[in-house]
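For reference, the structures are reproduced in the following blocks.
You will see two complexes here that share chain A, one where it goes with chain B and one where it goes with chain C.
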Partner chain A sequence: MGVLFCRMAEQLYTVASDSETTGEDKSQPSFPDVAIGIDIGTSKCSVAVWDGHQVELLKNTRNQKGMRSYVMFKDDNLSAGVTGGTAQENAHEERDILSGSAIFNMKRLIGRMDTDEVVQASKALPFLVQTLGIGVRPFIAALVNNMWRSTTPEEVLAIFLLELKALVEMHLKHPVRNAVLTIPVAFSRFQQTRIERACAMAGLHVLRLMPEPTAVALLYAQQQQQQLMHDNMGSGIEKIALIFNMGAGYCDVAVTATAGGVSQIRALSGCTIGGEDILQNIMRHVLPNFDSFYAGQTMDRIRSMGLLRIATQDAIHRLANQETVEINVDLGNGQKVSKVLDHSEFEQVNWGIFEKCEKIINQCLLDAKLVPEDINDVMLVGGCSRIPRIRSLVLGLCKKEVSYKNIDTLEAAVAGAALEGAIASGVTDPSGSLDLLTIQATPMNLGIRADGDNFAAIIPRNTTVPARRDMLFTTTQDNQSEALIAVYEGEGERAEDNHLLGYFKITGIPPVPKGSVEISVCMDIDAANVLRVFAGVVKPQGPAIPPFIEVRMPTLDDGHGWCGQALAKMYGKTLDLAVLPKKLQP
Partner chain B sequence: MLGFFGTSAASDLCHLQLGNGSVHHELNRQNNYRQRSVIRCCSTARGRTKDYYKVLGVTVYSTPQEIKGAYRKLQKQHHPDIAGYKGHDYTLLLNEAYKVLMRNLSRHADGKTRAGFGSGYTGDGYSSWNGPVRSQALFVDENKCIGCRECVHHAARTFAMDDDLGSAHVEIQFGDLEQQIQLAVESCPVNCIHWVDSQELPMLEFLSRPQPKEGHGIFGGGWERPRNVFAAAKNFAKRLERVEQELEREQSSRSHGNADCEAETEAQAEARRRAGEELRWKPLVDVWNGLRGWRKGGTDQ
Partner chain C sequence: MISAPLRAPAAAGAPLFRPASAPRPIRIRCAAAAAAPAAPAPTLYEVLGLRAGATVREIKAAYRRLARERHPDVAGAAPGAAAEFVRLHDAYATLSDPDSRARYDRGGAAVAAAVAQQRARPRWAASAGGYYGRPRRTWETDQCW
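So, the complex of A and B:
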């Protein structure tokens, strides 16, 4: 019902914009329609608005800027982490969250299939994550009155956003419609549609989904701009910054070139590792029989796992400032954990995670065609950037002594999102502090399946957005009258290794020998990151050729793991395409 | 917000709102879509370098900093975040122009040969090729061209009119059928379309574009193009070769010490250079002489 209503609202909005009634809108400004900035973190969430002069981070009733991301299911009422529910103390809150009746880590679960290793790892969480391992949505449920009640990540996120929206509206005293959200670089386009769906359910319209490090880049651009205006130095020189963002669920890296308030994203890379993985590694380390001990989710096991989780989390936090920490938990059933953890042990246990961080930083620098010496500033943001080993690793790779100081580790991304919200809503500031722009880049290759099961990238990753590229393909069979365009996104060489976004058929290809038809596939990404695919026959030309097809991607709704296999089984190679080599290489 | 637009409506909107004639052809997405991609498939990206400089409002001599600055300035005006959806197509063009120009720049950053002298010369032609590269290519002497559009009329895909300069140029080599091209060449009232050697084409095309004139104090300066592009090409080639040789000598003396350098005396080197040059430029000189002879004949009549 909620979804239906919101879809109607969208439709109305679309009609109003298309008929160019913008002039009318301006004549009756009931309220300044500035998009708010939201940073939904895996563990914490924050919201910020442009108040006309600067970015203001909103606090909840408990005076918190970073609100714990969870939704508590209790009897018939739901309460999200925005207000903190009934619990007044943090310790109580944390214990309630881990009681099984709260759903959290939505960002790790949203839009993922049950074969995904991130979903598999989420089984160690106190609420129920049931998987079948066949490429469908996992079953998620919260404990209500000793009963598992099912829900979905989208629904949980929507409830959370609804409460967040209420908080903002209470603060601003007018309704809020548009929002800019930050997302991890590693989010697939399918996951992005899930976030959009959740926002629509909460009555929010997504103006932009911007990768987290690019939001930080925008904030950096603003700071550089203000610095220059203060020093009265004109447009200034170009500065290269590397932004490393590691939160509880995801790790992202961006390299940006900033000058004159324009931040140009040179390269992006990201992966799905974060504090949650570190936490689970340590939990498995201090309790070697972790998996067998928590095999079935009974009430006392959930409780004792909650205790272990809290103790481990606390230990990791303390380890940032201490040489050694002690973990002492009574798990019940005669099982006790007592362990002293020091830095070297911590680093050894999480060795794989640090290695992955290193990999994506190097990848990002390589993609940006830069060497560490080119970097002017290194920014470390996100909760995990407090870990000493992570700090030294990033700074070491960038050959820097210290990181950039003027940004807040936890608030930078949301502040950037609020800035983008103000800019994209058309707000201008006389003092020039909104005279900014982020030029985004695509984080993943986009292409189609061709030459058998290979992946032909049409828009390579790190292409400046808006982008439009086309590529020519040809038929693989004589007299082939139809061709399947299967659109994929990802880094894999083979189509199967990538995310399937959607597919459609080109029909009515004239009956000619294979290889003599030219089929053009053009991909277009606009500034709002919407992908459109245009395809059709360009050679031979004539009135007998069907019109081009334009498809907005992703078209797939669910269970996309199956579709690719089903297509292959049904049609085999009869609808295949091959890449047409360019006639003249430049 | 834009994500929810009806797609066809949105692109119609952008067509309506774009008034800029020079870029309109580039931007016209759907109506001309097929035609555009046909051109695209036979033209390489650098085939349109000329337009790209215009798009960014920079010159062939602009430094990377200037190009970056111009790009950022234009992005701030036209980026869809600021200008709304109507900025989409223009931003696409900006992105493409920026990419190509920066790539070109990084290409000659490798060899520092052309720093200072002839710094815009990349060794690539401005026109692109339809089909394989042939030994002969078409070249329009833009100084003599009177802008009659005859050639464009006869071979529209090969020739294009530059309305700013008031002269025609070759856009795509062999873009039309041979008969059409021949007709176009013959139709030129001032006979300014020449068949030239493909190897000389890049240099001629480079030189026929306006070059900055060397100024003396406040006098002179500005832009000009050589009155006689063929003579200028000859001159240019000589200078280019000299610079290259100097660099080569420098490198060899650096790598091998002075021992190898003495193997050849100055006079020998000079003779070798001259011989090589003569061989290399003979066809061009022949063409030039032939042309001169032909023109004399014309005036005599």
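So, the complex of A and C:
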């Protein structure tokens, strides 16, 4: 029953026509157009729908709810992990996925530059990840008939989503168009556009992109609401929950205040660490000459590395439930690994990862202006939350003995996404179980380059969305007629440490001494999470002043690294702006 | 063309990264603003439908109740829905924090006036039908690929 895509040269994906998005044909579908919920995991993916009464997770033909996220390139056929290869005799096994012919970890690669350390770390994967280190997109390729065939993370994700969409349509027996997807907190706005593009290639319209822990928060709000209705306790008191989510590629934390079906996201923090990093740490630990041993991707090295990956992965999984594990694997070329691993050694090797987890939890609590004692419930989700050290670390920081019980570690995010899908599609439920609202917050600072290479945050992170903020700037040169507005997103103090979203110039600034012009830069995030930047001269005023400029961000498509550097080098001095000192502001 | 009120009052939240701490009058003056009759600005308490001495719990409850009506997810893409919610949230953010509430209570009138002024429409908004609630750009118009 699998879906096969034949002949790569032919069009792989459908393109939705403009008329479909204008809403003119909204009355046409005879089926309820309820958005589906999709959780694209780095390692596994799942899909869920609101079936009219509750959220239902769909299973593939192999009876799996969590489907391995990969696309296999074989001859002229492509098949994704949703079906996992069609018939029984073609079924992909883990060693096939690690043979170089499959692309996986798309979520780690999508929308990243080749200077990104996550991309650098991805070079230890069996397929080809080539970098030039200049801040352009990496080159990735799958092994097909002993040849590297190029592709892109967006394309791979689109192929996967197309197969996923077919699975859902087969199950629901009607076409599916809208989807709510969960994304990591650490995803930049540029990465979000890449996810939207992949969805569009697969014929899916993104109704919403939801940070993963906020999807879990929505599920929690629903459970709290139902419990209240059950206990008949009125509107109830506010409950604070901390959600810790760690999967194979990302780690997220959210603090939410929940009452009366409203989940208000108080703070979000996230970083790009996950099970993949733990796996690579352990592989390098048991095989200290990992990098030299696997330098150059030849066929036998790819096969050997696959064996090591499988053995290490298996050991990490077993270590969650036992005191010690043995890793025994013959890697060929006279290289054998034989190692006994215990918890203390495991924790020592991965201390840097646990430290980062601690950091983002503390950061999130600080941003939410809360202390551990304020927390009512702690939720641990994602595959890595099974690791004993992670559990004890999170519960310890939150000063809790146990975690919240009523959610499934691997299914909570997708269930929340399906709930949001139903709510955003306008579905109501007589029992009131969809009478919910999530008040989102923006996870990263948004601002512009100013005062040299500094970053002036205009909308600080954890501002409630929709939001609108502005800030005044002034010129740094006498008679400066133009100013460069370079928009960045991130946590770095220097502009260059952040993601460049786009840039534009304000021209026609009146010729006056430096510091005497007032330039307003306003940032607006609307209800659909679209960022717009408005900028122009507000002082002096008069007919000689050029019109304001409105720019929708991000505008940049590629080359985020060198582009920012080039802008700074060519225009940094002459078109620089300075934050207007407060004492000069009226 | 009921104008979309604009930016958050500076009194709101006073976030870490924002150098501004004191509310300041808006510097964007325009014809639209001058023409608009100066209706008495509601206080932040009035925005939340509360009396001045409301408890923190009442403030939170009122915010949640109103959010369930006015959040753009509920109110839909109606023009000004997002701005309405931004105003509601700013009132909540100011009043739910003891420090900023005290500051607001001391200089209430001035802040309220500033808030009212910020409702004035900046000149760059004059032609647009309000940014809020604009349909999300679909990828189809994205020409990059």
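In this section, the second predicted complex is superposed on the first by the 544 of 586 C-alpha atoms of A that agree within 3 Å, B and C clash if a C-alpha of one lies under 4 Å from a C-alpha of the other, contacts with A are read in each partner's own complex, and residues count from 1 in each chain.
As a working rule, a contact is a pair of C-beta atoms (placed from the backbone, for glycine too) under 8 Å apart; a residue touches a chain by one contact, two chains touch by 3 or more.
If you're wondering where the values come from, they're calculated on a predicted model, not measured in any experiment.
Trainee: Just checking: does A:N178 make contact with chain B only, chain C only, both, or neither of them? Give me first, second, both or neither.
Mentor: first
Trainee: For A:L437 in the superposed arrangement: first (chain B), second (chain C), both or neither?
Mentor: both
Trainee: Tell me the contact category for A:N328 with respect to chain B and chain C: first, second, both or neither.
Mentor: Neither chain B nor chain C is touched by A:N328.
Trainee: If we overlay the two complexes on their shared chain A, which of chain B and chain C does A:A457 touch? Say first, second, both or neither.
Mentor: second
Trainee: Does chain B (first) or chain C (second) touch A:C522, or do both, or does neither?
Mentor: both
Trainee: Is A:K539 touching the first partner chain B, the second partner chain C, both, or neither of them?
Mentor: both
Trainee: Tell me which partner A:N445 touches in the superposition: chain B (first), chain C (second), both or neither.
Mentor: second
Trainee: Please indicate which partner A:T574 is in contact with in the superposed arrangement: first for chain B, second for chain C, both, or neither.
Mentor: Once the two structures are laid over each other on A, A:T574 reaches no partner at all.
Trainee: Using the superposition on chain A described above, determine whether A:F548 touches chain B (first), chain C (second), both, or neither.
Mentor: A:F548: touches chain B and chain C.
Trainee: Considering only the contact definition stated at the top, list the common interface residues of chain A for chain B and chain C.
Mentor: On chain A, the overlap between the chain B and chain C contacts is residues 17-18, 196, 205, 235, 238, 259-262, 264, 423-424, 437-439, 464, 466-468, 470, 472, 518, 520, 522, 526-528, 530, 532, 534, 536, 538-539, 541, 548, 550, 552, 582, 585-586.
Trainee: Residue numbers of chain A touching chain B in their complex, please.
Mentor: 10, 13-14, 17-18, 20, 178, 196, 205-207, 235, 238, 259-262, 264, 420, 423-424, 426, 435, 437-439, 464, 466-468, 470, 472, 518, 520, 522, 526-530, 532, 534, 536, 538-539, 541, 548, 550, 552, 582-586
Trainee: Residue numbers of chain C touching chain A in their complex, please.
Mentor: 6-8, 13, 15-20, 24-25, 27-29, 60-61, 64-65, 67-68, 71-74, 77, 81-83, 85-86, 89, 93, 122-124, 128, 131-140, 142, 144-145
Trainee: Along chain B, where are the residues that touch chain A in the complex?
Mentor: Its residues touching chain A are 1-10, 13, 30, 33-34, 37-38, 40-42, 44-46, 65, 68-69, 72-73, 75-76, 79-82, 84-85, 87-88, 91-92, 95, 98-99, 128-129, 131-133.
Trainee: Under the touch definition given earlier, write down the residues of chain A that touch chain C in their complex.
Mentor: Its residues touching chain C are 15-18, 21, 193, 196-197, 200, 205, 235, 238, 259-262, 264, 423-424, 437-439, 445, 447, 457, 460, 463-464, 466-472, 518, 520, 522, 524, 526-528, 530, 532, 534, 536, 538-539, 541, 547-548, 550, 552, 557, 579, 582, 585-586.
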